[in-house]
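In order of appearance the chains are A, B, C, D and E, and numbering begins at 1 in each one.
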């Protein structure tokens, strides 16, 4: 497998009246073709901003995206003009979002919203692009696709809308699909359907998936590689089995222990992480997890630990891993 | 924790709360010329909660679990059935008497941001119930507020701060302190941690557990998160489209679910264990949750029910609404063909 | 659809009965409001007075008078003017309505055509100097009433006339296009400022929406994102403010019609109050109220066309 | 040419039987005409469609002044080419009185004709006065019989209620007939855009000298200032029909080059009137005190910048029967104060006084000046009340108003219109409740007196009584001010504010 | 598990309760800020709004305090109209008519000159501002806000018949085109008002009429806000802790919608001042010799070609006042709802 996406030292800063918010702070990773990469983190950890920065979908200003490079299929996205980017977006790299209720334009038919993308990137006529839209709807499991293509988003349930979003995203056979919390707004049984669908389709279309979620369970079931983010930084990056079997970073460890699990001994006391995630406006010097870290030492409060190899294929940003 | 004994003892005590055939219908009214049906949000719900016990109420969005919680507190008009609290049916009480009764059962809300009045300080928020029920003079109330703050683990310098200065987890603690102010015996917690970050959820869950122990509270813990419910509840009721489909001890439910819906629900939860996930057998339900305005006939679950499909879609599921019946001791299920 | 129209019809009926009854009651309750005496003036003789009073049916009890009015109204007949003997109110306000509609619609269109793009431009350049200066101008026009602008305009015209420079006409309406420019522009200013401000707010709100991000993530051109995806949605709240903004236009038209000597309904209504010409006033009130209600229905229909989530049923 | 009709947004009526206002009369005058008219300079009655003016001398007034005979000019035609005969006039006069028309002026001008009052009210079974009041002797001779002799009848006949309308054209029930009205005047209606303007073209069948004007456009302009601005912007060929140039514009108009401003007396007297029935004006000394305290010269010269004449007369200068030697109650603050203190030693004890004025044109400035004068010279407090003109008229005629400002414009050039119609005990205009039997006796006599000189003397005596006892406090007579663009020649307006038919023959417009 | 430590709740925090304490994120040194104070601080950042507020304050103070002072500034004129010793109290009164100085230019005697009737324009401007403010206070301050809050909150909170009545009444007022209702009422009852209350009568009438037409809109707005506030969980929370409906309205709903009402009211003031101007302009407002900005504009119209300043001064004053209220309204809205700005 070859590298599809290489991100090197990505920084995204929001310039607000209250001050500069370093939402993404030096993130580097690589994604291979066809692979599913999970990014996990709490709200405000910068996982969504990372994805939006790669797509360059953030309004600038207030956002400012800098970095060494973001190579996608050999091209540096950071160097591209908006026109070049537009040719890629929706075509070679597509994205689906958290809230299917608001992510579709309420005033256009879903068929139109799929066909629009197809028509633009695949140079198809109106009829062909519409047929492609119907085909995609059928593929994502919407019954009576030909008829439903003429319906408006509000006539679909949340799960169905997320299917439509997936249809839009996959309509041009992208090599990268970024899914930003695709199931957070859905009920558990619907979440299972959507995840199942994504698994099947990414296999069928040979699409690499960047799956952003706060749910470690979803990561465990979907991803081959995992990135753990905390306060804008990457704190751990490894393959999924290693992460759950042998987490290196104290944050990852704490996270795994703080959530109630279906498979643990029932009523075992949870081990919460003390304190709150840091305010990005007032980032502590040193390791940003240090104030909450049970293992923190003086050095952690002084220096920011770099993301380094701590084991085979396992990188962590901690002076005292494991 | 000595779970078994706890269950055994609580069974011998009287029920603190006994909900009998509770119905809440929302009329769909339009203008002068519109006729409306009714949304059967809660359609004949029965359960009991014993003193000091946590009953988990799980279900997907729109199944009526929050409505049930609110109906118990008489925050919304009850269409039918009884809510017997401490031996008294409170659905028949006057509004004034209901207000008095509410001192004994309190609620914790889902949204830590909208559940606190942004223009009130923490002291005013926590003090409001005390003032309402005239629990002492100013000094006593102030003393009690400080006590409550420490109970929920907030520093005393929070007193004169406003909600917007707190994080979600801290606000939930303020909400808890307010709910505890009147020393209630029942706390209805409506998705109390679902709006919180995962790393903070555990803090609030632990706090709730500690408070229960310390104050002998009973919880009705409403949530869509089965892991959380499993963790905190002694007994769990599963709701689907306004009805309870299964109710039993937590351990029993997760180990041996009888209702096909419960089974599907449990199998849909992703586990944070890649090895397990890779081998797990999943029941993926077909279709969407039907609308509570026009629920399916007979058993509400039958159009999506894998068991009904496996049995060749028996007529009975379509015709007859299954009642909640005891399958084993303390394990009730509403299914014509429960799985053994 | 039928139910929608039936419901709106009942609303319309209520409004018509309401406004006419209030108008009627006011005229009935107010002291010293004898239309016959006003009509006769210096030529008032007991004989003429009695004859006219009978002719206009004013010797009957009030409820008969009002009932007769409603009955005639049901046949589309607004009665006879007191002030203009022998003239039916229909004939009288017919041309006035045509002119007012012309004035109002021209101003509305101008206000929309200028206001909405300004708002969109400001939203796209939010918090830049373009936004600030454009919105300051729009706020000025929104806040400053026509009757304050007109004196400035007249001073300007006088300067132009004094220096033999070309000017636009200072009064009149039907002689030609040049006569219509200034009244329409001045009437449009307030609404233009309003639409610009609303458009900016709405556009900013829409641009924040997830579906706009979705559109961008599909690689659509920025123009398509803004003018198709965002604007189609911004149109909805804009449509819903057009109805109420008609009230603005009508009250603005009162002053404009008065000061530019435009024979529209605004002026007719003011004159009718002064003349105690109840039939004409009733007619004006009914026609204007019905116009406002109808415009609101039209807006509702447009809204349901523009927003697939709303269907008239 | 453009001839604006200023002060209204639409004329009240274009039916000759109906006009009660000058604005309507201006338009009617162009299209309709009668048997007799007025000389633009002297305001004497002259022949129009009649061959001559009836008089005792020419034998056309007989029966002690109760029978008038009119001989029509030969070959008269309506503007549609149909001939005009005596029966057309009989029809027109009878029609004006028809109750269906609801004319509120017909009885004022035609009430003296035998049977007219019954015809108007529909009483005593009178449904027509043709053959009784108006008799068609032959197609070119019309005889009118009066119920009793009245000396001002010919003047009244110059009013449009006796103008000719065509039987096949004029409707009794459909007011819209006037949209296509046919008349006998020098012009005929070409187009009427309601509430906007009227257009007239010369009547090809007009008996008199043809006008050189090929078209008259008559826009309705509500505001006098706007009209003047429009004139200055050269959008109008003239402005000020009906003396509508305001005092604010007067100085400007006076300074216009080429003597564009024409001025002369206008038959309109402005006055304030105290109500004799309401305190404090139930006392003659108080009324006189107010009259003496009225500084007319200041009003005319300072406040209104000479745009009016100061006057203490009731009958205006320029009227036949004007009383040049009248001794009015000229401004005398000392005497005023004396008179008031003779009744109210403490001026603050004077009952509350509200001066109601019509809030148009210069009236507010005058009201403010009067308020200031009465406050200064009499020490009384005056409350002002600016009203819509129509509303004030309604109030004055319908309710007793304590103290009001109004003006009177001649209906026809005879003192009867200024005295008998105003101040006799039951006169419709006696809204100030003037009450003097001597006055009634004098005017009753004069009204029927056939000798013009004797008549006028009697009226003069009556006028003096009304002034002395303070029926009105006249303060100004309007000027007949109007502006005409330099490129218009031969245009004049008479002292009554109308353009007599004969004027048009001389009007022409040069290139500009 | 050791549960003994919970037996004494007020003992010092144990190791386990440490996990609840988050003192470090509470910055103990800083004073806590109430939402009101936050908004105030944000308002102060809006230079345009603060400038408008200062300007408006100057106008208000000038109209209230400068007018009486102005009436004491100036020489005594020895002779006029045969009367001696006329002091500034007279010729600087906004109502004093002096036909000898009509349309006079600005001078040391009449700071901004005089109008067509020789009245002092500066004094009339100040009096006109007073009228505008009086109308604004009565209409918006008393009727708009007062009735709007009472009916809006009650209709929104309780719904039912009151809600229906409000909706119907609002429909009716909305259907009355533009100012027609105000024209109708003021036209018909002006005389009665003058008779009853003298010179100020028409002003009261205008104020009451405008108030009558404006409050239903405010009530509808307040109703909407109440309805959406009612959905907030803290209202429900208040009910669960036994707060009565009246107290919920007083303690939770009112304080939370007050800021929005503030903004709406500020913007309504502009509209009301304009409407008073329109009524004065068509002769239905303040009675001469009284003063109002609309009346001043109306009186100046005939004189525009000759004395344009007589029209420009009141127009400019009105423009400034109306704009100032608009700026303040915008500033308040941004201050109370920071998101609205962008």
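In this section, contacts are C-beta pairs under 8 Å (C-beta built on N, C-alpha and C of every residue); 3 or more make two chains touch, one makes a residue touch a chain.
The model shown is predicted, which means the values in this text are computed figures rather than measured ones.
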B-E compared against C-D, more contacting pairs: C-D
Chain whose averaged C-alpha position falls nearest the assembly-wide average: C
Per Cα centroids, the chain farthest from chain A: D
Approximate Å spacing (C-alpha centroids) for the pair chain A, chain C: 52
Whole-Å gap between the CA centroids of chain C and chain E: 25
Rounded Å distance between chain A and chain B, as computed from the means of their C-alpha atoms: 32
Inter-centroid spacing, chain D versus chain A (mean Cα positions, whole Å): 91
Multi-partner residues of chain A (at least 2 other chains): 269, 272, 274, 276
For chain B, residues that touch 2 or more chains besides their own: 1, 167, 170, 203, 206
Touching two or more other chains - residues of chain E: 1, 19, 22, 25, 187, 191, 301, 304-305
Residues of chain E defined as touching chain B within the complex: 1, 3, 6-7, 9-10, 13, 17, 19-23, 25-26, 28, 32-36, 232-234, 236-244, 247, 251-252, 255-256
Footprint of chain C on chain E - complex, ascending: 168, 171-172, 174-181, 183-185, 187-189, 191-192, 270, 274-275, 277-278, 281-282, 294, 297, 300-301, 304-305, 308, 311-312, 315, 318-319, 322-323, 325-327, 330, 340, 342
Residue ranges of chain E in contact with chain D within the complex: 81-83, 96-100, 102, 116-117, 119, 187, 190-191, 194-195, 198-199, 283, 287-289, 299, 301-306
Chain C partner contacts - residues on chain A that touch it in the complex: 55, 57, 82, 85-91, 94-95, 97, 99, 102-108, 116-117, 120-121, 152, 154, 165, 168
Interfacial residue positions of chain C with respect to chain D in the complex: 32-35, 37-45, 47-48, 51-52, 55, 83-88, 91-92, 95-96, 99, 154, 157-158, 161, 167, 169-175, 258-261, 263, 267-268, 271, 274-276
